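First chain A sits with chain B, and in the next complex the same chain sits with chain C.
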Partner chain A sequence: MTMKKKNDILSRLFGKEHRPQENKHNQPADADSGKSSDAGKGGGTGSVPGSDSGASGEAHYSDHNHNIAPDHTEDKYPRNGKDGKPEVDLSSGKYTKVWQGPNHPGVTGNMSLELTICGDEIVDAKTHVGYLHRGFEKLFERRLYMQVMPTCLRMCVPESDTNEYVFSEAVEELSGIEAPEKAKWLRMLVLEMSRLQMLLRVVPGQGGAFGLGIGVQWGMYVRELILDLFEELTGGRIYHMYMLPGGVRGDLPEGFRERAIKTMDEVYRFAQRIDDVMFNNSVFKKRATGTGYIDPSWVDRFGIVGPNARAAGYNRDVRKDHPYLLYDQLEWEVPVLEKSDVYTRARIRWMDMQVTADLIKQILNKIPEKGSFKAPTPNALNWRIPRGETYVKAEASRGEFGYYVVSDGSAYPRRITLRGPSYTHAIALLEKMLIRTNIADVGAIMVSLQTCPPEIER
Partner chain B sequence: MHQFLKEIQNRFPIHDVKEQRKNLTLFTTEKEQVVPLLTHLRDHEGFTHFVLLTAVDWIEEDLFQLTYILNNPEKKVDLGIRAYIGRENASMESAHHLWEQVATYQRELKEMFGIDFPGSPRVDEEFFLEGWDDIPPMRREFDSKKYSEETYFPRPGSKSHDPGEYMKQKLYSDDYEEEE
Partner chain C sequence: MSKLKDILSPFTAWNNLARDPVTIKDPINDRPGAARYRGFHQNDIEKCIGCGACESICETGAIRMVEVDEVETKEGDSGLRPEVDYGRCCFCALCVDICSTGSLTLSNEYIWVDEDPEAFTFVPGIDKKPWDNNQDGWKKPEPDYELNIKERVRMPEMQAEERENSFVEIVKGYSREQAIAEADRCIDCGLCQATCPAHMDIPDYIRAVREENLKEGFRIMYKTNPLPEVCGRICTHKCEDVCAMGHRGDPIAIRWLKRYIADSVDENEYQEALQQENPKDKDKSIAIVGAGPTGLSAAYYLALMGYSVKMFEAQPRAGGMMRYGIPEYRLPYNALDQDIDYILSLGVDIQYNTRVGKDITLDALHEKYDSVLVGTGLHAGKSTRIPGTDHEHVYQAVDLLREFSKGNEIPISEKIVIIGGGNVAMDITRTLARLQNQKYGQVNITTTSLETEDVMPADQEEIDEAREEKVNLKPGWGPQKIEIENNKIKGLHVQRCLSVFDENGRFNPQFDESQTDFFEGDMLIEAIGQGMDISYLSKSIRDGLDFTQRGRLVVNDYFQSKQEWLFIGGDIIQGPDVIHGIANGHKAARGIDMYLRGDLRYE
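For the complex of A and B:
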């Protein structure tokens, strides 16, 4: 795609002032890409200490917000022990332990944080999980491949369809089966609808984490409209079990295209409203700008993926980098920004939301009228998958989401394990980035990482 | 075969190379070579993104398979590195110094499979399981059905089914009765 066409696509969605910057970490910037643009018309433009993200400063990053590692020049911060973690002497009276969770405002599901604070500033953080471990990966050992289906999609509750897709694709790959073209389009439709309903929760949810509740209510209304479409297409609102090895369970209902396109218009309207109400809200801007900074050098060091990496200037999206299904037949561009704070991550997701609505419209227009939507597969009760192993991944709304599947040639899987983005974001990264932040910002930082504990505890 | 694989083959003993897809290749190496190989791949071959570390229990062969998956964001390829270690006193060199999230994976493997990674931060701290005193539950010899039967008490009137048999009955009830 030419750069001009690429920019046309982005400009059509976001206007010139919202055109994302070119990626500078993975791909050389195109000659005509110009100077880096602002994160959005409401975006702060201050430079964050230690970042390379810009010069002119409107917003001011208060000292407590940039969570660079403590330098120990001040007595306030405990010194690090051999394992690199701070050694806290609670008897000194300077520090207090505070537990947040397991019902935490910053996550979907249960997870808690053991915070060591000095005043209202965090000097050490530990993530504790184990509150909702359901032993799925162990249960799979006793399930036929088809019986894995209704269990595996619960590995990430709010975005179950990505589980269905990566598992189905892995089984197909190991069995040498290919889904028909129509099934691939329908899978893409469901994956994008799934991404959209998730973003409709998360984007306004970022405002909710700072006490701005109105956007959350609006977002949930629009999300319900997407769930209506899911119910019509698959029979279920949250769990769909629509994709299965070989293809999908059904065709588009009559009139679905028109109804879905009409719903997408509602998404664009919502995006405009949330831009006005949340991204241009002075309290939100003040709280979100500069908070929860992720240094771009951490992206590879911590395995950061998805919007969290793209907000730090990395152009990484599995749909583009490792095109699966028929994503290479769609015209779209991955939004990339650079400020790498809570505000920028919310803005990236806001852009993702509209790109996704655009993709859904493209997909709806490309789904073939005729053709099979399911390839023949062996009897599910006697289906033995040839010995082998594979890793299949897709881009969920949170980033790279993959299944590693090992077959020993029997009717039961030898090993299925999930690689979810939250596994790294909510543990290694969160523990690092919470240091030197204010205790009042913890929930918002967790929302900005889009933490989903169910995918940590499989 | 990718050019970089040929170069790796010259430096490290790798075998059982399988190109699973155009963008995914898996191979096996010796246990002692894993950390030097990971370091080489990260520093010289552009495999800067660590995707996952997991274990597979091959109880019949008395082996654990450790699988490390790496990604090269520039070349847009994934690499799966297998290594086999004995199940008895299973132990593996830690790679936590290469990527921060590796320590979390190692901590999970210690708890769930009983594979030790000496020197890995917080590797002995409880992760998912609090107060667990049975064998590591992801080992194949841990029988989850037996454990639940011994640990939990069935409510009066409740029934349990073998999932495979129950599905047969539901789907093919007529044939199933005839077969019986």
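For the complex of A and C:
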């Protein structure tokens, strides 16, 4: 795509002022790794974002940060031990341990944070998961491949369709079956609708984490409209169970195209309104700007993906980098911003939301009228998948999301494991990000990473 | 510093005061599920066959097949129906998608309030629900959406040109890949097993094909059927008629899978595969009259039980109609011999060319043996008795087939007329077509039946293949008389047959005399059925037997007659086909064993 066209697309969607800056980190990883040799180890005063992140990181930080406390004296913060983690002497009486979660309005799902605070500032953080372990990956080993379908989608409840897709695609790949063209379009439609309903929750949800509830209600309303569409197309609102190895489970219902396109207008309208009440809200700006900063140099070291990486200047999107389905037949530009703080990450999701609505419209106009939506597959009760293994990934709203599937040639998967973005975002990265933030911002930071605990525990 | 805009812009939220609310006031009534919604289960009880595919696919274990008072077990219906537990169901609708009959659907109803938690486990269609007649909801997506393959794997067969003048077997048999693919289609419902007269453990031997454990499959088959090479080729496959897959597609090719297993075990591997010995540890001995499937099957199971078995057979070889009736191109002799040789190898003694009633009396056998089984089949061809049938060039199909099988020369003229619409008629037709081809280089046979093609008793594939072999089929005509001139047959006069059976199902053909035709031919063959010859039953024996009003012999469940030492089975009693003979023989063997232990009375 020409640069002009690309700019056209973006400015059509976002107008001039929201145009993403040209991305500096277009190429993955290595380019940056040299800059921040000791950041991962947290050496020296280590864990203050910005101070450990080398030249470019520092520039970002000082340029952008407004409300992270400046570096304090050594004795206020515990020193890091050999493992790079702060060594907290609780007997000193300076520190208090508090638990945030597993039940807490500010946590995203069932996980908890063990926080060590000094005053209202966090000096150490530890993530605890295990409240939601359902043993899915083990369950799969006792399921026929077709039976994995209605189970696997529960690994990430709010965006279940990506599970269905990567699983189906993996089985197809291993057994040498290709879904028909129509099924591919319908899969894309559902994947984008899924992304959209997710973003309709998390974009205003970022305001909610700071106490701005109103956008959440609006977002939920528009999301319900998307769920209505899901219900029409797939027969379900949350668990769609629409994609299965071989294709999908139904064609577009009559009049769906028109209804869906009309619903997208609601999405744009919502985007405008949330822009007014949230993004152009002085309180929100004040709380979100500079909070939860992700230094670009962390992106590769922590395996940061999706909007969290794109807000830090990385142009990464599986749909573009490793096109699957028929994404290469769509025209769109991946939103990329710089200075990844809570505000920027919310902003990039806001942009994603509109890009997604745009993609849905494109897809709806491209779904062929004719053709089958499911390839013939063997008897679901006896379907043995040839020996082999594969990793299939897709871009979820949170970033790269993939299944590693191993078959021993039987009718039951030998192993299916999920690589989801939340694992790294919510565990290693969050622990690092929380240090020296204010306890009041913890919820907002978690939301800004869009972590999904069910996806961590499977 | 925040810009002024950032302070004012949030107040645009007040705009909402001027907008209509978007909430639904009464969601329970105002919000039906979408047309495709996956709501509560419905089951069309008449259509459901209790196959249990829904239970097998259900990932949450929400479905259990249960007995219900409203449904009776019958052929092709297990009598069970799915019970759904909403404490487990995840509403994936895979049960609907896989349902063999399409009886199971989901309504779009999604609200159900009950204070009794047990209520949420119910049998859809049996336990009446308000949504039972709901038209909307999830149905199996049509047309090209399947969770199984509807079409069976095509059997490689000889083309018409290749087989026209050859008696080489037409059906070539599945390859390994083909057999496995076909076995994969099985949903393991067991309806076939219940229907098979021999109750062969079909799902298990199909699984053996799938798992490539063919010797195990072979052992499974021999538990209920010692003639798998035969049945794998010519069985009437009642099992396939009730196969769950047949409701929306082709039934599983059960017969061809049986053949695949049987063919996979080499003749000299039988002993090793079956690991059987004839213990001969019982001091009782049994006589069997007739070495057809009934006699052979009984001999096999009796030998394994340790009895001494002696068979008496009128013909020079064993097999009965399997050898002397069924043509070689459908059942080659080596396949038949493979089955028979193994049975005889268990120490079964057989005396050929001995007709009981003529060469030795049944009373003499009664005297010498502890028990006697007769399975003498139906070998006397029936005649239409129309004028001219006494002509010397009017033959019985079974007689010609027998003579030809024995290797004797049979008469073949240039123009032949055959009367009969069943499989025997097709067998003689196609046999003679081959012989005409060999002798005259062309086929000129007219085969006519009372029945029109849609109700002809012959298998459709036989009809189609006969046509491919250039036979002139004339269904729907009633034979009137044979035209004879100068003692030479000229042909057959026929008139239109309007119906064959009356409303009571009795044979009572109706004709339209105004519509007639004439089929030319210089030789005529009747193939309208066979009767039994039980003249070997002496008066004293006969007087001690029960007959029905229509003259049929009466036996109990174990094929024991009123003369308790005498067991009777096969075509004389049931069928007529090979698998009934096998099943009867097996059951009779168990009956004889029970009788000899003093555990069985006629009653």
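Assume the second predicted complex is superposed on the first by the 407 of 458 C-alpha atoms of A that agree within 3 Å, B and C clash if a C-alpha of one lies under 4 Å from a C-alpha of the other, contacts with A are read in each partner's own complex, and residues count from 1 in each chain.
Note that in this section a contact is a pair of C-beta atoms (placed from the backbone, for glycine too) under 8 Å apart; a residue touches a chain by one contact, two chains touch by 3 or more.
It should be emphasised that the depicted structure is a prediction, and the values quoted were computed from it without experimental measurement.
Chain B and chain C, once both complexes are superposed via chain A, clash.
By the touch criterion stated above, A:R415 is placed in contact with chain B alone, chain C being left untouched. In the superposition on chain A, A:K285 contacts chain C only, with no contact to chain B. In the superposition on chain A, A:Y268 makes contact with neither chain B nor chain C. Residue contacts after overlaying the shared chain place A:F256 against neither chain B nor chain C. By the touch criterion defined above, A:R143 lies against chain B and chain C together after alignment on the C-alpha atoms of chain A. Once the two complexes are laid over each other on the shared chain, residue contacts for A:T424 go to chain B alone; chain C is not touched. Touch criterion met: A:L381 reaches chain B and chain C at once.
Shared-chain residue A:E173: touches chain B; no touch with chain C.
Of 37-45, 91-99, 145-153 or 163-171, the chain B stretch that intrudes into chain C once chain A is superposed is 163-171 (criterion: clashing C-alpha atoms).
Overlap of the chain B and chain C interfaces on chain A comprises residues 143-144, 147, 381. Chain contact summary for the complex, chain A toward chain B: residues 26, 83-85, 129-130, 133, 135, 137-139, 141-144, 147, 173, 300-303, 305, 314, 316, 321-322, 381, 388-391, 393, 400, 402, 404, 406, 414-415, 417, 419, 423-424, 427-429, 432, 457.
On chain B, the positions that touch chain A within their shared complex are 20-21, 23-24, 26, 48-52, 54, 56-57, 65, 67, 69, 73-74, 76, 78, 80, 99-101, 103-104, 121-122, 126-130, 137-138, 140, 142, 144-145, 163-164, 167-168, 171. Note for the complex: chain A touches chain C at residues 143-144, 146-147, 149-151, 214, 221, 228, 231-236, 239, 241, 247, 249-251, 253, 273, 276-278, 280-282, 285-286, 372-374, 376-384. Within the complex, the chain C residues that touch chain A are 2-3, 5-7, 9-10, 12-13, 22, 33-38, 53, 56-57, 59-60, 90-94, 97-98, 106, 138, 141, 144-149, 181, 183-188, 210.
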